[in-house]
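Have a look at these structures, which come just after this line.
Consider the two complexes below, in which chain A is the common component and chain B and chain C are the respective partners.
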Partner chain A sequence: MRRADIKDEPATYERLVYKNTSVYHYMRISLVLENENTRLSAAQLKQLIVSGLRDLYGEVGSAFPFDLLKFDARALTGVLRVYNSGLVKLWSALTLLGSYQNERCSFRVTQVSPFLLTLSGNSRELELELD
Partner chain B sequence: MAVFMDLNITYTTDKKRLRSVIETAAHLGYSTVAINYVVDLQQKKQEIGKPKCVLELFDTFPIVQGKSRPIKVLNRLTVVASDPSHFRPNAEYKAYDLVAVYPKTEKLFHAACMTFDVDIICVAVTEKQPFFFKRSPVNGAIERGVFFEISYTPAIRDSTMRRYTIANAISLTETCKGKNLIVTSGAERPLELRGPYDIANLGLLFGLSEEDGKAAISTNCRAVHLHGETRKTALGIVHTMKKDQPLTERQEEEHVPASKRAKLETVDS
Partner chain C sequence: MVRLKSRYLLCEVCVSDRSNLLLLDDRAIYTATKAAVARAHGDYGAALSSLGFSVKYLNAHTGIVFLRCRKSHYRLIWSALPFIASLENRGQRVPCFLNCLHVGGTIRTCQKYLVRYNTQQLHRMLPFCQSEAERSEIRKSLLSCTLKKEADDVDEEEDD
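Now for the complex of A and B:
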């Protein structure tokens, strides 16, 4: 579909190549539980993710390193670090995780980036001040 | 960029729950959702009723995250067909924005792909596919602009269902090569919904490429929606959009800020 008012001009591209690509991807995640009063520690969260990975990929498929860098137990949000090769596996395991101790739960992946600095802010949560 | 859609939110009579599912969908960034009414004609005394008016659900529709526009809610009918007599297009179907069919046998699958006037063909995700996807009906469906649907909620609920979902999805993508596929939730509860980018990533598990995975929740869903509209009207639909008046030369000059104009002149001289 082409809009009439957009002229046919050759598009200009700029090719950006990262010379030193990061070996890691970072993900900001938050866990939503059915019962809001349930508390869990960082170790329990990691345990939950590992069990989700094992359910989906088995012992061999789930044996790749990833770390929970930061965890806020009150808001149930955290930052994960994973090697690029494990990103798809980890992400899909998080997507298909549906219960924690017989209670429904859901992981919301808010941000994924190869740069940790990106996770310092979220443009979707910015509020514009209009006067 | 195409907007994200989730064309399968299971209808429940519990209005509060339905409302919270749609609110969650808006928060996750879905711009359009469809409420799915399932009719299984094998069970007796099943009737295709009129869908509930979506305006009854909300006074003001929730705002989609990152779009500052309210969410769009459609009605969708899914006919579970195990006998050719089950699918009879009649006036009741016209009340729905989308019509889907869930064929139980190979014969019906063939008929659904080649002749049925539907928008979506559902693929089994809660049981092992009882038949093999043949290339000719699948290609026929692709040519007619009918889409195949895989829903992911059963995969979240149960690990056996997960195996069936992934196995059936892979056997379908082998045949259709990732084309004409949509991924939907089929959620009954807010916690069964997942974000659009999570689903695009999940598409990689189903044997889709990254591009096809994203198309499965955005552009393909848009095509389904438009296909549904063509079924409602006579033959086709025309989209119009407002065109800006081209600027006259004088106006253009005025549009250039003073600082720039001065620069141009110095370059010229």
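Now for the complex of A and C:
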């Protein structure tokens, strides 16, 4: 069965292969705290992540570089940059991190991408203007 | 057949006072190694390395230890061994360090290596004999060893 209005010409497509992918991965994370009035600075957030890494992977396993590129202290969201080799470790440590100063907390990883540009827009937060 | 491959780490416990060696037992080595792995590699490393990890053999007279672990994660234990600074047994702390001599796939190869290593050590230490009497004493005690090659701790005892 074939619909009459579909012509059976081969679909034209362009294949884009990005061979030298970035050495970094970028993650957008958000921190959810039990008490919403708690404030923390960028340094404290990084300290929290490093302590989580040290709990899970020890002193040797957690000694890899990562950066907190941007941090919004009001919304508790930030952008992390990490080398590809450390991505899995960082992500798993974030997932298993459960408390900040005896207060329960959790990290939500919103977006992960090898390109920083991707984090500029998130289709899940897109609000369509409906008439 | 499929089998789980292991790695055996042949280590020697180095202490300043050799009489302290007799205080050691395999439990103390086990807990110290696990604590060192947990510190260096965290919960993840400790959990991975605790699979199939055991202290196979400990000679309290010579301070020779065989550690057995899975082949896939022996590096976790191997890399944590230098961080052991003391062993604790029944409330007594023995400052020491573990010197990893050999990593082998079977106990047999480790034993062969140990015999070779001890002969080497003996050859190295013999020139330090002070007098001819001492030298002949050592020679006599070596020749009086009636044990076969399996007993690797016999020639080990001579080299200190």
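Convention: the second predicted complex is superposed on the first by the 115 of 131 C-alpha atoms of A that agree within 3 Å, B and C clash if a C-alpha of one lies under 4 Å from a C-alpha of the other, contacts with A are read in each partner's own complex, and residues count from 1 in each chain.
Convention: contacts are C-beta pairs under 8 Å (C-beta built on N, C-alpha and C of every residue); 3 or more make two chains touch, one makes a residue touch a chain.
Since we're looking at a predicted model, the values are computed, not measured.
Enquirer: Following the superposition defined at the top, how do chain B and chain C come out on chain A, clash or fit?
Expert: Result for chain B and chain C: fit.
Enquirer: Taking the superposition as given, does A:Val109 touch the first partner, chain B, the second, chain C, both, or neither?
Expert: A:Val109 contacts chain B only, not chain C.
Enquirer: For A:Gly98 in the superposed arrangement: first (chain B), second (chain C), both or neither?
Expert: A:Gly98: touches chain B, not chain C.
Enquirer: If we overlay the two complexes on their shared chain A, which of chain B and chain C does A:Asp55 touch? Say first, second, both or neither.
Expert: Both partners, chain B and chain C.
Enquirer: Which partner, chain B or chain C, touches the larger number of chain A residues?
Expert: Looking at chain A, the partner in contact with more of its residues is B.
Enquirer: Just checking: does A:Tyr83 make contact with chain B only, chain C only, both, or neither of them? Give me first, second, both or neither.
Expert: In the superposition, A:Tyr83 touches no partner, neither chain B nor chain C.
Enquirer: Superposed on chain A, how close does chain B come to chain C by Cα atoms? Whole Å, please.
Expert: 5
Enquirer: Across the two complexes, find the residues of chain A that touch chain B and also touch chain C.
Expert: Shared contact residues on chain A (touching chain B in one complex, chain C in the other): 55-56.
Enquirer: Looking at the complex, which residues from chain B come into contact with chain A?
Expert: 28, 65-66, 152, 155-157, 159, 162, 189, 191-195, 197-199, 201-202, 204-205, 239, 241, 243-244, 246
Enquirer: In their complex, what parts of chain C are in touch with chain A?
Expert: 37-46, 79-80
Enquirer: For the complex, which residues does chain A have touching chain B?
Expert: Residues of chain A touching chain B: 1, 3-5, 32, 34, 55-56, 88, 91-92, 94-98, 104-106, 108-109, 112, 124.
Enquirer: In their shared complex, at which residues does chain A touch chain C?
Expert: Spelled out, the residues of chain A in touch with chain C are 54-62.
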